[in-house]
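Before anything else, here is the set of structures, which you'll find just below.
In the two complexes that follow, chain A is the common piece, with chain B as its partner first and chain C second.
Right after this comes the complex of A and B.
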């Protein structure tokens, strides 16, 4: 399994680099927001710069997650890599597990630096207005679940035959998922919606991958 | 341990409403080199893909090494070597990286044997797989398949793109491998001379059916092509079963008959031909005759 995971990471290294770049840009904005002495604060005690980085981060992360899922599946299937690997000491189940685990590692790589940086800065630079940590946690849970849904959406679309349809449908459905955050906010309801969406898309991707010709 | 490492039971496959494989029943005994023949699109690769579980059957069951093809566990997969038609390796990898991946995924990697193969084929390690010639890719694919010391080797047109010398090397290696106890090889090819050289048993696919499934020797003994000369016009109907092909000209009839025996000869003699001459047939001739229009099994044993 470790060999398969390593292979997935190496083959998708560009997507990992894009995740690091996204995290780096957002971190730079967050750090600069904290360092500015005249920084404006949002009502929840978070600098405006930090507050404003979220929409950019969520949209970019979700679009990249959709791309990651799609690229992982489409390229392997199209270049018959999965077919080649499945003729070795590897089952389809292991192949899919490796892909999914690497997808989750990718999400962690994209999200964790920003979360860690914010929590660290909030600790070392005390705010005049108390920070609403529960809101921050909810924002990150919703962002994570939305990105996971988008990743699994990409995985499903990547198993299709038509690249153009996969790209267009991926972008469209990804934006619909993101727009649900605008409609529902960061409450428990949206977490449930994204949770159910993720489970449904994971089951669908599993069934499709286990039965399609490789 | 199953006596038949390869089994298909009533295997049927439809593609877009078109029947590609129609009720195929095949059993390959342990230690046998089985040559699977058929014209382009006859379904050879489809059978192999279904056997390996990379595609599914519309109806019927297949098994490899005694286990259902769709549920082959990793340890059994590790005992099956496979060389795919077109050599579907990971094209953007360097040769050395692909070898390392295969070695890491394998449970029974024979490094010494693999090194000897690589030295024989003189494969460049630092080049990308996509930069290799078709022949080199075939050699790399074959080396990777053989390095796992396979109990069962499935070769889907493996000599396609190889030059004469490389083809000869490949055939000798296949024979070497078979000399180890209990090895079974399923071998599909367009190059009939290769099949004739190494196969013990032959299967011919035509019109979705397995029209021939018997030993090579039996096939050659039992399919006869005869030239009959008549003083008058040849008869329209010979009243014989298992006629594969029949051509009539003014005083001459050329007929190819399966399961030819003395009884059939006696029936032919009742038409009082002036002369009956047997035309020698190579495997290629037999293949061409068998794949003309037949949909019914010609020879099974």
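Right after this comes the complex of A and C.
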């Protein structure tokens, strides 16, 4: 399994680099905004910069997640990687698990630096009065679930036959999913919807991958 | 055939995804139509209610010789009726609104526990009062930047803490704990405020200047849900309600004094500055002198500031039939206690219905008894240019939704919070069925009418079911599966149709040697005539080639 995961990461190294770049840009914006606000005012709440980065972060992350899922499956299908590996002592189930685990690792790589930077900043620059972090936490949960849905959407589309249709449908459906955040906000309801959507897309991808002709 | 479990899971998951995407697309199409139609009503403010004289004050005040403009009740349907109900905006606006005291000073959010925040520019010091949930105490502190003594950093200096039993330093152990305080936020930046603790069941008044905590009597049988300024969604600009007192011309001295708030009107094309007649204020600008309390039973009481007990009923949230209505059933409301010349004249409750179609103003006498209802409905506005077209488009789009969900909406409309209904995806409280359910009383006839309303969706479902059946017979879908697809198509309409297309078997059919029709190559027997692959030589075929 570990070999498969390493292989997957190696195959999608460009996507991992893009994730790191995205995380780096957002981190730089948040850290500079955070420090600027703290230099000017008393540390009493969550600086505006922490929230302001989200429109860019959510849209970029979700589009990249869709691309990641699509590229993973498309390359596999086009280069017949799974077809080759299936001739060895590895099952399709393991192949798909490895892909999905790499997808989740990719999401963590894209999101964790930003979360870690904020946790670190709030740790070293403690707030002087009680702060309500609930909206921030809800935003991160919804962003993570939305990106997971988009990744699995890409996985489904990557198994399709036509590349152009897959790219156009991917971009369109990804934006449709992001628009759900505008409609529902960051409450429990949207978390449930994205959760069910992720499960539905994962089941579809599973069924499709298991029955794909070698 | 595919294994049943895999086929079923593929159909169910695809169905959910199609339903979700269809619902989002229909939501945005409906929102676009609503935005276009409401543009004139809310941006140009033609969707408004204006009642003058307001009917709350005695005639002698309204007819005073120096009164230029009589008192007026104003209500607008704000542009938030279209955009303010979107979840993202609600979350963002709520965060900004709840943190506004500190956010305007520090550009930082998440500070809804702050009840007072002042900045002393000379000493670069913040004076803040906040509620510390861990301690269960209200805390008054100074925050300043300490320079020197080997440390350059922001420090917090706690001056006083207040609990149910009194005030004291943070280390005091006998202050008690507030568990779930509901604080009057009607006046900002105050050292003294009133709160209600639902677990302790009594009102408290905390005064940080006098260092006192006054405890009111236990409130039995009434559960306050809001205190201070009783309003909902006004900050989202969904509905705006104002009471304007009788106005007179500003004197020369008042005209030049920028501190006096004035109202500009035009007379003979010339701007004229007006001010309230003596003894009155602009209510929405000046802090109301009475503290109002909304209870769970939808009654509005005045709070006696000295005894901290509910003083008297001043009004109630009512629906059009003058029956009590819960705050969750109204999209927006605002309660205005009309005070002037050191006495109360009564209460006005301005409210916007859940569907954002009707503005109402309920007037109550000073004893809280219902006096009058005036309303402004914008349903008539659908007769304006574009209105009928909008209604037709809305109805057509709504019928693309699954008939089954529309039917469920009929039963669940009343359980939706008014603003949540405007962002509902699968169920549709703001559809024609929802409106019908909300505005009718009879059960059987009302249910039948709702069936008529969703009949186009049902008809579409039947047509789609017919197409599915035709294709299912050709492709050899089992009888049981055909039946289930037909039921699903009638119930879910276009969603079921798209799901069927995405999940149907893409199998190359071959000609049956026996019946001549197309059959599946992956089945033992032809699904049309039941013959196997090997046709007995002596058995004649049932088809002939003829030349007509």
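One rule holds for everything that comes next: the second predicted complex is superposed on the first by the 199 of 214 C-alpha atoms of A that agree within 3 Å, B and C clash if a C-alpha of one lies under 4 Å from a C-alpha of the other, contacts with A are read in each partner's own complex, and residues count from 1 in each chain.
Here is the rule we use: contacts are C-beta pairs under 8 Å (C-beta built on N, C-alpha and C of every residue); 3 or more make two chains touch, one makes a residue touch a chain.
As the structure is a computational prediction, the values presented were derived from the model and not from experiment.
Asks: Tell me the contact category for A:78 with respect to chain B and chain C: first, second, both or neither.
Replies: A:78 contacts neither chain B nor chain C.
Asks: In the superposed arrangement, does A:88 touch chain B (first), chain C (second), both or neither?
Replies: first
Asks: Scan A:176 for contacts with chain B and chain C and give back first, second, both or neither.
Replies: second
Asks: Would you check which partner chain A:190 touches, where first means chain B only, second means chain C only, and both and neither mean what they say?
Replies: Only chain C; A:190 stays clear of chain B.
Asks: Would you check which partner chain A:200 touches, where first means chain B only, second means chain C only, and both and neither mean what they say?
Replies: second
Asks: I want to verify the contact counts: of chain B and chain C, which reaches more residues of chain A?
Replies: Counting residues of chain A touched by each partner, the higher count goes to C.
Asks: By the touch definition at the top of the document, which applies to A:213: first (chain B), second (chain C), both, or neither?
Replies: The first partner, chain B, only.
Asks: Mind sorting out which residues of chain A both chain B and chain C touch, each in its own complex?
Replies: Residues 211 of chain A touch both chain B and chain C.
Asks: Could you please specify the touching residues of chain B with respect to chain A in the complex?
Replies: Listed in rising order, the residues of chain B that touch chain A are 49, 52-56, 72-75, 77-78, 80, 82, 84, 88-92, 101-102, 104-107, 148.
Asks: Looking at the complex, which residues from chain A come into contact with chain B?
Replies: Within the complex, chain A touches chain B at residues 3-4, 7, 79-81, 83-92, 94, 211, 213-214.
Asks: Show me the residue ranges of chain C that touch chain A in the complex, using the header's touch definition.
Replies: 6, 9-10, 12-14, 16-17, 20-21, 24-25, 27-28, 86-91, 95, 99, 102-103, 105-114, 126, 128, 130-134, 141, 143-145, 154, 156, 423, 425
Asks: What residues on chain A touch chain C, complex-wise?
Replies: Residues 37, 41-48, 51, 128-133, 135-136, 138, 173, 176, 179-187, 190, 193, 196-197, 199-201, 203-204, 207, 211 of chain A touch chain C in their complex.
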